[in-house]
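Below are structures written as structure tokens.
In the two assemblies presented below, subunit A is common to both, partnered first by subunit B and then by subunit C.
This part shows the complex of A and B:
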């Protein structure tokens, strides 16, 4: 390639980073927001009650709901609420659907309020789930394509991270270097600082991100080793209990799930229970499987299965193998399900640094390219395109995210497909920002869009106070940090965007070295008489 | 006549030496060659004589790293030809091993 290993790695770093940078920024922002998926979902359903819920009560409500609405289902699956999510998510498999019905008709699902035992009486919204899905399913396109696209981008990102480290021969020295107010060099330093500060995080989150969907990306080993029965692989690698019993057709009453819950807690060593799965409810062969909440880094957690009629312990999940444990930890590290509030905040900040790293890298490309174009007297197509995409992505995406929250508060509650319209608002806002950026990719456009993002984010606490009863005036005194946190983070993001916008508006191009020398010379000449050349030498 | 053919040869050679062609070739090597090498490694590891699910998982987790390193190789190699050779030869070797493994199993 170009002379030398490091140069070719620098080249590869530049191009792998730039080509997927804008989509990566969307993926990074969606992922960063997803650390607070539950909190965002709660914030976006302001109608829900504020009190915390008890899991035993929740399981009772879930069972009651399912017996009433899905009594003839083939199976039930219940995810219990925890400190962060106050609703019960459940789905069930309907008895054999009529001929020609879609696969979707085979399943039913509900989000239930544990206190009332009825479907949540809240506005129609996808909540934090939209941002989480955006992170790897994108939107408007089939999820399967999206996951391949996102995986491709993530692979580029992994290559960009490795080559980025190779490119920086003085990585630790450069880590402490920041030269503000010097144009391209400042962007380089900023890119280095945001990248190196959280480098272990960036490398980890990119690799583990690919790992979460790796069975889609590299399925060839799987099909070579399990040629006829791929489902068996998922059972074995996921340490699942496999329930192959056939329905007897003899009805028998299912034990109350609460009784079994107590046994499950005991048999799982006192672990908190996260998920309950009932197979063949109402049949004499019914089984109930309880899965513990993952307690450590790994997302793998033990489970136990009981006879649903007599309550006898039937099976325990097998101990996981070494590779499964490794995979469980890698997966867990990506999802950060184990993080307590402080660690979760650290993950969130690292995610934001990741956004800044991707953004500053793309800006750096344009800053490096610009002098060549200025010398040639006109801005070429490539630079104009990058400028527009930079503005539309870096300054435009915050507008889109904030608009999503505004839509949640302002769209009328009764309209058809309200949740879809919240998502559409996200893309309409982003589309408008991109369009404006393409029409006029200039510095003022940066400032305007950053100001727009700042105003939209910064005013969210006010909007919340005007439209709901869960504003800061209520949530702060009550110590409801998960709700107050959403408002406070939005406010902080608004302030940061405002500072960025102001700097962008007031920015002056830095003087070149020659201009600085000329200016310094002029200043010296006006105050002193210039000393004769060589006067001080040899003294 | 010979002069004309020499000139076309020279033109063809110059065309083959265009830098963008090398970049394109290396990019294709990195993307497709890298993926082929990663797949081959994943298959060989998946067929190791240990618990099947653990072998398959190990293959997937290592395969991703192989893919990343292969992309670096494609751009670090001295020429585009070497880049391709360095990916195609080990891929074929690994697939041959996988074929033998499957025959033995």
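This part shows the complex of A and C:
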């Protein structure tokens, strides 16, 4: 071997990281925002009522609506509100749609007031769900391709993490080392520190991210054991209760769900109930299944099924086996469903650190490469490409995210496909940023785009105050932290981007040793000030 | 934020500060070359690891093995972040006073919230 082991690993680290860096940044940003998916979804539907309700009332409201509007549905599914967001998520399956109807027509859904069960005319938006889907389904392309692409990026990320640890010779010696204001040295320090301080998080989130889709990436075990019925595997491994009964066709009144909820709480040992699924409402074979909220790291939680007409307990979910439990914990660690507000914030901070790690790695590549090009007197194609992608991704993506929130507030409420236009706005803004970066990949472009991102994020609280009634003036005094938090985090991100933009604008290239000596000599002789050196052409 | 989280972050911060000062280079930066006696630095190292261990014990005791460890690791990242990217390069004189004050304040908060 021509090179030593460590050099080989350094090479691998550089190129695996750089190749997928820009897409990884999108994935990391989308995933980081997803820790507050519910809060964002709530914030993006300002028409919803503010008052908190308990789950009993919410279930009654959902039931009231469904009995009235979806009485003939094949099934109902209701996810009850929790402390994070006062929203009932519900959908139902319509009776067999006519031939040729779209798959979408098979399902119905509604947004209702959790207090009354009356439909709320909330704006058409995908909310936080868009950002969550973005981080593994991307957009515009079939989800299956997107998940292969994202899986590929995640595998590269995992390789970059492992080779990064091997390459980082002074991982303990430089554990506390960050030396700002020293050019390339500082970028390397920052890249190291952002990686090492949150290393457990980076490794965990990348590995468990791959694990969430492992049966897509490695399907052979599953297809060998369950050749004809993949769903059965998911039912069995996820310890779901399977209800394959046929409808009898004999109508029978469904018991009030409230009564069954009380039984479910008792039978599940007092657990909080998260989801209620009703099969064949109105039929004599109706069943009602209650699932508990997962209480620990694992996403698996027990459930119970009742006869919907007589209220008899029909089935309990079996206790999970070791493999299922392991998978449930790995999946749960990725989703962080168990996190209380403090732990959720820590996950969010770690996610941001992940974004900064990926970004600083890509910038570091350019910083290392630049001196060679400056010596040669022209910026080569490779560096120009990386500069453009760096600006378009690192400074451009915050513009796209903020634009998505702006679109939510500013797009007219009545337009056709409004939710799609919010998503389109994200990509239009990002496309514009990328295009501008390719046209002029220079330091000024960094500053402009960072300023644009700063303004868009920083002004969101103001925009919110001008367009809705759930602004900080209302939410802070009322202590509605999940709503106020969205405004406050946007403001904080805006401030950080503003500081970055200012520093980028004012940056002067560091002096070489010879230049420093010349300047010191000039100062002691106090004859004249040296001419400004090497006015920064490089980005 | 719960008192437990603040306590874990404070102890983590104090622990990392002690471990940082146990390293010759950082010790010399802050106290000058002469004070960096090996015995003194060894004591800082012991103190640092002990503080991190106490934080670990508190998290696990309060939240159990699963959640407790996740919370502990999260607070380690947050507290080392404050030290390494925040105070050490920009306000090095503040790191030791804060390492004393933070756990005391967290303990007061803990007692106040019961």
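The rule is simple: the second predicted complex is superposed on the first by the 509 of 539 C-alpha atoms of A that agree within 3 Å, B and C clash if a C-alpha of one lies under 4 Å from a C-alpha of the other, contacts with A are read in each partner's own complex, and residues count from 1 in each chain.
The rule is simple: a residue touches a chain if its C-beta (ideal position, glycine included) is under 8 Å from a C-beta of that chain, and two chains touch if they have at least 3 such contacts.
Source: prediction; values computed, not measured.
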Touched partner set for A:473, first subunit B, second subunit C, both or neither: neither
Which superposed partner A:222 touches (first subunit B, second subunit C, both, neither): first
Superposition-derived comparison: subunit B or subunit C, residues of subunit A touched: B
Subunit B versus subunit C as contact partner of A:233, first or second or both or neither: first
Partner chain(s) touched by A:321 [first = subunit B, second = subunit C, both, neither]: first
Partner chain in contact with A:9 - subunit B first, subunit C second, else both or neither: first
Contacts of A:329 with subunit B and subunit C, given as first, second, both or neither: second
Subunit B/subunit C common contact set on subunit A: none
Residues on subunit A engaged by subunit B in the complex (per definition of touch): 1, 5, 8-9, 11-12, 16, 155, 158-159, 162-163, 166, 207, 210-211, 214-215, 217-218, 220-222, 224-226, 233, 236-237, 321-324, 326-327, 330
Touching residues on subunit A, where the partner in the complex is subunit C: 173, 175-180, 190, 193, 197-198, 200-201, 296-297, 329, 333, 338, 340-343, 345-347, 349-350, 353
Interface residues, subunit B side, partner subunit A - complex: 22, 26, 30, 38-39, 42-43, 45-47, 51-61, 63-65, 67-69, 71-72, 75-77, 98, 102
Subunit A contact footprint on subunit C (complex, rising order): 1-2, 5, 16, 19-20, 23, 26, 64, 66-67, 70-71, 73-75, 77-78, 80-81, 83-85, 88-90
